[in-house]
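Scroll down for the structure; my scribbles are underneath it.
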Amino acid sequence: MAAPVLAVEHVYKYFGDYPALRDVSFSLRGGECLALLGRNGAGKTTMLKILAGLSGAAQGEVKLFGASPRQPAARRRIGLLGHGIGVYDELTAIENLTIFAQLYGVSKSVAREWLERTHLAHVADSPVREFSRGMRQRLAVARAFLHSPAILILDEPFTALDDRAIALLQTLLSEAKAAGRTIIMSTHQLREAMELASHVALIERGKLVHFGPRTPEMLMDPGYVYRTFGAV
Amino acid sequence: MEKNIRIGIGALAGLLLLRNLYVILFNLPDEMAQGPIYRIFYYHLPAYFTAMCCYLTALAASVLYLTKRDLRYDALAMAATEVGLAFAAVNLITGMIWGRVIWGIWWAWDARLTWALICWLVYFGYLMLRQAIDDPSERAKNSAVLSIFSFVSVAITYKAIEWWRTQHPGPVLSFRTGKQLIDPEMERMLFTNFLALALLAFVMVTVRLRQEDIQRQIDGLRRRAHAL
Amino acid sequence: MIFLQVAAKDLRSELRTKESLNASLSFAVVILLLFSFAFDPSGEAVAEFSGGLLWLVFAFAGALILNRSFARELPNDCLEVLLASPVSGAQLFLGKSIASFLLLLGIELLCLPIFGIFYNITWTPKFLPLLGVFVLGTWGLTILGTLFSALTVNLSLRELMLPMLLYPMLIPALMAAMRLTTILLSGNDIGGDDLVWLRLLIGFDVVFTTLALALVETILVR
């Protein structure tokens, strides 16, 4: 059995005395896609930030490919799509992608390729400030995927995307899964997430109340998870 | 038990201060050139030492917080800095009063007074930063880093001001007896008063820590009540 | 050399919009103008406080540039994305410091002739040593300022807090830079007793650069 790509062991996180995460443990292998469910304030974003190395766990361990996400080697293999698009308004699309290509040690031609894949090649030299919302979202997706990350961390990726961007993202995520990459996404958009997910987790008030494979019931009725495993 | 120790030390500090005040006012001889006002130095200098001890405590507590991430160290760093600022203010004010009497002006850019003012502003910045951050862990972490910077800055500024003084000699707040040495009795009093002030500082820090502890408990209860 | 790429990105961003550059330069000129009313700008005494005046201008105008350093990463959550990338906190910090340093040095070199014209000061004779002092002093200003930019990035009163935290700690560097600049603008060389100011400035830069590089990661990770 292949070693887990991502291992979370007994993680606690406090903001002051407030426990944002309590004894969270789970692991994922390559090619698996986790849909992380939970109400607002449950701890999903906190967990994702710890996975991305933006935050430190107070207790417990997080390992990505056996290393801490604070290590640059691990971060090189992470693609992050958070709430903000993470690109600079005053720079052009190609300039933005080139910066991130450089930071991740990827060649500039790859940046160009991704502009084409996200149908932004025709505005490569325009500043992002002039883009429509859908275009900005597609650029964000390009930024997150361009270094072919082995682990994709997505915080509510389908929220506020237009249809074209949703379709693009779904395609890319399916490809990533097929290529053996690991995906974790927190989401409120249950339908799109359930289609892609191989595993489902529910966080409630900082505790992981369910973690397991996606079942047919979940696929047919996404609210099933909340009803079955969540507290009322 | 803890409360009794606090009261005990507080009483000891109080008694020592009263006894010292009596000795300072009635028993010790006058200094050569300055007349009776020099006696304020028995508070001016020990207050400075006490403030420095407090800042050193804050530095240690800050480093300990960053390594251990226990919020109690953060509370100690904050309490020590607050009390240090109080004693530093005493140092500044007694210095200004002294200067007013012997030089006729409230402020003379005396090297030590200037440094004391800079020091005070630097550590006041620490309190200002704390006030601006809501999340307790972020506040503790960032103010701990600032505390380390503050201490280093204060040390460098001390040296810098000393060099400034050698190039621009000016008035100095201090005293000497006839033979250019401090009379041993005066020296003893300086030390004894420092002891009294240090004990007082200790009590103030523990009181402040207790306040912080209660505040955190209240905050925790409040949060739990909201969650229900 | 990732930090150089970070520096290049910041410089490109700033030169594209020129927002803080323009604000900073205008502010500097306004201060130079205001100071001319504070005292007699034509008297002999101007040489005495030429260094002091210049560095006050640099410190005030510099705050605008330094504030922008980490604040420019806030729109679109760019800071989060940068921190999630393989760049270490220290590299990010160093890159930003270098960018701010170059921007601020540029402004200072523009202010110098303006200052020379307004206050009738010749600055050409000792230009190279003067440049050296500008470099050392600006580095001290930048390294502390960028650190405080990181420290205050998430605060609502950021524009107020950064100067309030920065200036008291900057005093030794300012003192030294002011003294050295005054000496050079009077046409003299730095020697003898005055070398202590050079040592102070270098020591300040070394100590705070080391401390900042060591602690910046702690500030940036939540």
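The first chain written gets the first letter, and so on, giving A, B and C; residue counts start at 1 in each chain.
Keep this in mind: contacts are C-beta pairs under 8 Å (C-beta built on N, C-alpha and C of every residue); 3 or more make two chains touch, one makes a residue touch a chain.
Source: prediction; values computed, not measured.
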{"item": "Chain closest to the middle, measuring from C-alpha centroids that were averaged per chain", "value": "C"}
{"item": "Chain whose mean Cα position lies farthest from chain A", "value": "B"}
{"item": "CA centroid of chain A to CA centroid of chain B, Å", "value": "50"}
{"item": "For chain B paired with chain C, centre-to-centre distance based on mean C-alpha positions, whole Å", "value": "32"}
{"item": "Between chain C and chain A, distance of the C-alpha-averaged centres to the nearest whole Å", "value": "39"}
{"item": "Residues of chain B whose C-beta touches two or more other chains", "value": "137"}
{"item": "Residues of chain A touching at least two other chains", "value": "none"}
{"item": "For chain C, residues that touch 2 or more chains besides their own", "value": "222"}
{"item": "Residues of chain A defined as touching chain B within the complex", "value": "14-18, 58, 205"}
{"item": "In the complex with chain A, residue positions of chain C that touch it", "value": "2, 5, 9, 12-13, 16-17, 75-78, 80-88, 221-222"}
{"item": "Of all residues in chain A, those that touch chain C in their complex", "value": "49, 52-56, 70, 72-73, 75-76, 78, 80, 82-91, 95, 99-100, 102-105, 127, 143"}
{"item": "Residues of chain B that touch chain A when the two form their complex", "value": "69, 71, 135-137, 216, 219-220, 223, 227"}
{"item": "Chain B-facing residues of chain C, complex", "value": "147, 151-152, 154-157, 161, 164-165, 168-169, 171-172, 175-176, 193, 196-197, 200, 203-204, 207-208, 211, 215, 218-219, 222"}
